[in-house]
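One chain, subunit A, appears in both complexes that follow, with subunit B as partner in the first and subunit C in the second.
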Partner chain A sequence: MPSRRHFGLLLSPWGVTFSVFWLFPLLFALYLSFTHYSPLAPDLAWQGAQNYVKLSVDSDFWQAVRNTLLFVIGTVPLTTALALALALLLNRRFLGRGFFRAAFFFPSITALVVVALVWSSLYARAGMFTRVLETVGLGGPANGFLFNPATALPAIMLMDVWAALGYYMLLFLAALQALPREYFESAQLLSASRWQTFRFVIWPALKPMTLLVLLLNTIKSFQVFVEVYVMTKGGPMGATSTMVFFVYDEGLVKFDMGYASAAAYALFVVIALVALIQARYFGYGREVAL
Partner chain B sequence: MKRALLYVVLSLALATMLFPLWYMVAGALSSNPTAPPEPGDLYLRAPRWANFAEAWSVPGFPRAVFNSILVAVIVTLGNLLFGLVTGYALARGKSRWSRVWAATVLAVLIMPAHVLIIPLFIELQAFGWIDSYAALIVPFLVNPIAVFIMRQYISGLPAELEDAARTDGAGEWFILFRIVAPLCKPAMAVVAIQVFLVNWNTFLFPFIFTTRPEMRTLPVALAFFQGFQQINWPHLLAASTLATLPILIVFLFFQRQIISGLTAGALKG
Partner chain C sequence: MPLPRMAGQTTVWSMKRLLLCGFALLFVSGCIRRVEEKTTITWWQFWTDPLARPVIEELVATFEAENPDIAVNLVDLTWAEGHQKIVVAFAAGTTPDVLELGSDWVAEFSHKGLLLDLTAEAERQRDLLLKWEPVTHQGRTYGFPWLLGTRVLFYNKDLLFRAQFDPEKPPENWADWLTEALAVDRLGSDVHGFAANAFEHHRLYKKFLPFFWSNGGRLLSEDGDSCLLASPQGVDALEFYVALCGAGLIETQRELDLAFLRGKVGFTISGDWLLDQLRRDPDSPQFGVALLPRPEGGQSISFAGGEYLVIPKKSAHAQEAQLFINFLLRPENNLKLCRAIGFVPAHKAAAQNPYFLDDPFRAVFYEQLASAQPTPVHPAWVEMEEEVERAVEAAMYGAQRPDSALRRAARAIDEIIGR
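== the complex of A and B ==
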């Protein structure tokens, strides 16, 4: 066995990274959340739970919470269902399967900033979506989808479903391909219909992966920011402001860093609970298929 | 018949998934700078290739490309080294401490990073690192996903080889870099591809850590591309296409590694 000192040396880069860029800032943010701190007037003033009290009555914060919840509820189930459907289709053997799989997951490795810019132009006034709607006798919002409070958030949500779909499809596909062949053979032996095979064989076997996909996507969706920053800056009138956007806006635009940290921590506690469920049920032991 | 239906459904899905990407490329060739691309542009009626050259010469764009390449290359190389070293220590260490450290990797991997925005900004400002390459590189040199992939892979390798070398008097560094590392090539390929992709695309922290235009990476520069004047849509889409090109190239050659890297992040399913 290598010596303990040797292990200590090997682990030191991670030890430093973890402590300096994760653990310390995490604790520092907790401390900040009980202070008033602004780089413009850098006097740290301890003020107890005041930030949290202020949050509880801040209508901008609650609007961001509401938008974030709408975003999670509106995208996560839809993305999961579509990803599962695509994975089931691609799990059969047919000519060109590799090509379809590649084409379906390419959007999920495209930079989110690029995706957001492309869709901004699709959603713009006189943009492609409005024009297509016009040809069928409908029309889009006068200033484009992103400048209308009623359509801005759904527009971003639709884009996110498109952008995230391929990744979760891959996860489902990996789970499907790990299923033992006997499952399908015995279903065939009992002359089960396609639906019965899915309902009684595939679906129960996929349950752990479905739960994992829901958790991963929930954790990610609670943190939606890039799309909002690039496409709407939280507008119009806060209609697309999300919790992380609120943190950014309060902390790095208005420089109210203590308050922003309180908002960040409120969100952190919510997501950490979801993440702990994930860690508890899914552990840390999956073999990486290479 | 059923097969035909399958292809119809798949082709519809394909068209939906590829449309925005085709729109990006076709729109980049649009000859009307003042309006978003229109249906006619999708058929490339009058492709205007000069848009690419013009997008390239937008102030700050080449510098952003340079920054992105520099940062992505160094971070990828760093993760190859530190991923191997850390993954090896976590895979072979049997003490309670190595299990604690393994748990910290998992924690960083799944816990939300947004809570770090404000404290990291303050911390890096105190280091004097805002608007420096150090801020874009150092915090990302040991990516938990790289550690995770390497740990998993090395756990699956037989330890007998290392023990045999040890009995023969080989030093620990020799064992790690001359015996274990060559066996890890497939995993290191996955790490390199995954870290490069994530780093090339990442927006949040490079955005928070830079204020000067010269220090922006490509995604951050793109977000500011619209600038102060009216949006030039073809230029914006041309710049987006150029930023996606390296991803496409990596994708065409290393699809298998990308899939391994992406599914590795999903932990145990």
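== the complex of A and C ==
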């Protein structure tokens, strides 16, 4: 019979790594957010809420917040809807189903940096997208998609939807295949239409997975960074600067660690709020046990 | 019975002697081993590409052969992450013994007292090396110029010819330059007059400031207390730059260089690396290299960048580090590396080599370097350059008029100075 002491001992490897690499940085960043700290002048100057006050009037920060929200609102519903549609489609039997499943999943196992570099050249002035638009007589933006303040963010969003789609499709596919056959048989017995089967059988049964997909994708989208770092460095004119990019820029380019920590905590609060709303809306805890 | 006692005493005495000798031997051997033990100095440097890296390794091997008691531990940095790594190393006290710093980074560390004062040694080499400004602070010297770089005008002869200009006569003044760039731009939708950088930090300002300086602009006042960016010369320069960009392709430096290599761009401002690329690539277009065109009544002033060697204050082997720096600065070693990477050696004797003087293209770089200007030596320059870039970008995209964009940047820089 393992004693309580053994229990603690067995937990300690996790406990130690959790405290050292997670809890301590988290609390230390909170402390830093109330100080002025630059690694090159290593005396911490306590500033109270000054960083947060500065944040509230920093137009760059608000631009980053606006871009991040646009990114989340623009990508999360679209990715989720497309992933669900694809999953429903690829759940049917047809020739080459395996190929399509693999093909749609492929982008999500490719390194994001590679995806971003490839798409950068697709979006360039002489890139494929502009050429295709020119062939149909539309013509692309003057300097390619990423160098135009109006098209840069949508361009990154489109790439992100493409890159993230496969992973969430796989999650939905897994959930679909776990549904008991009896559900569909009963629907058939009641001669339910396809839409009715989806609306009253599949959709309610998929709710827990939808919540998971939404949560994961929302959190990931709030943290969008790699795409921006590789493709635009936040430009042109801050049109693609996001909250994590702002934190990176303040912390690791300008080395204003206190200010960067304050921005990071602002991001934390926003993500926590949105996650809470999503969980409340999808009735987390009530239907999740389905 | 004195004998046994004597014998006993002798035994004890000889035992003691033996022990003493043993200790002495141990001590001496310890000393010998300590003498034999090498001093290892660590060198952080940025030259990792396939052409440069073997030269760096060869230099280190030669130095180690000359100084058998010193070993050099070579550590590579990348341009993208190097600055971060260096700042973190200073914060953590894990700095190397010899460190390569970009010209615009030195002030950040020298002004905070993180670098060793090398004035005494620098005085001995003062007249041998070029461009000391970036490592000088309040009359003291904190490093050595090593590799110097500047940017010049590259032009595509084929495109100039197609636009009906003399391909052997590149523009010398701003007015001609703009006319020719616009004409080249009209040659086709896939051909551009000028290669314009966008939103790459640490790059855009290097492109704009030559226009500003050439037009007689000055970034900071004499006493360094205020920013003069929004002067009439500055506004004129930005207006011209924006007009030139209007005849151009806006892209990243990498893509712009590629576009020039593919013969899609009439004019670009670039560094020695592009010259080497153009010469290596069999498909590169007919091109020429010239001094930056000058405004009416102005000069041709380019950006002076470069790489400097410094010794962080925490180094435990400053003497050996200085030996190594002196070795790297010998004309033959300075030249060897510059031939691999295309920079101009900081050592005057090395720069006077026929390799530079007899090559008409490299001679242009050398001539441009003579009048080239470094950025202001200010610890917060990295923050100031961002404001300059923000203003240039806003004007390029038409979000702000050049004068109001520059006024805003000047106010922001004044704030940085006042902190």
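Convention: the second predicted complex is superposed on the first by the 260 of 290 C-alpha atoms of A that agree within 3 Å, B and C clash if a C-alpha of one lies under 4 Å from a C-alpha of the other, contacts with A are read in each partner's own complex, and residues count from 1 in each chain.
As a working rule, contacts are C-beta pairs under 8 Å (C-beta built on N, C-alpha and C of every residue); 3 or more make two chains touch, one makes a residue touch a chain.
Given the structure is predicted, the values throughout are model-derived calculations rather than measurements.
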{"item": "Touched partner set for A:F61, first subunit B, second subunit C, both or neither", "value": "neither"}
{"item": "Contacts of A:W22 with subunit B and subunit C, given as first, second, both or neither", "value": "first"}
{"item": "First (subunit B), second (subunit C), both or neither touched by A:F145", "value": "neither"}
{"item": "Contacts of A:A124 with subunit B and subunit C, given as first, second, both or neither", "value": "both"}
{"item": "Subunit B versus subunit C as contact partner of A:P236, first or second or both or neither", "value": "second"}
{"item": "First, second, both or neither for A:F71, with subunit B first and subunit C second", "value": "neither"}
{"item": "Winner by number of subunit A residues touched, once subunit B and subunit C are compared", "value": "B"}
{"item": "Subunit B versus subunit C as contact partner of A:L252, first or second or both or neither", "value": "both"}
{"item": "Partner chain in contact with A:W162 - subunit B first, subunit C second, else both or neither", "value": "first"}
{"item": "Which of subunit B and subunit C A:P39 touches, first, second, both or neither", "value": "both"}
{"item": "Doubly contacted residues of subunit A, that is, touched by subunit B and again by subunit C", "value": "39, 124-126, 252"}
{"item": "In the complex, subunit A residues that touch subunit C", "value": "39-42, 124-126, 142-144, 147, 149, 232-237, 252-255"}
{"item": "Contact footprint of subunit A on subunit C as seen in their complex", "value": "84, 87-88, 90-91, 108-109, 112, 114, 190, 198-201, 249-251, 255, 259, 264, 382-383, 390, 393-394, 397, 399"}
{"item": "In the complex with subunit A, residue positions of subunit B that touch it", "value": "3, 6-7, 9-10, 13-14, 16-18, 20-21, 23-24, 27, 35-39, 82, 85-86, 88-90, 92-95, 98, 101-106, 108, 110-123, 125, 139, 141-142, 147, 149, 152-153, 156, 172, 175-176, 186-187, 190, 197, 200-201, 203-204, 207-208, 218-220, 222-223, 225, 233, 236-237, 240, 243-244, 247-248, 251, 255, 258-260, 262-264, 266-269"}
{"item": "Complex contact set, residues of subunit A against subunit B", "value": "1-4, 6-7, 10-11, 13-15, 17-18, 20-26, 28-29, 32, 39, 86, 89, 92, 94, 100, 102-115, 117-119, 121-122, 124-128, 131-132, 162, 165-167, 170-171, 174-175, 208-209, 212, 216, 219, 222-223, 225-226, 229-230, 243-244, 247-248, 251-252, 257, 260-261, 264-265, 267-268, 271-272, 275, 278-279, 282-290"}
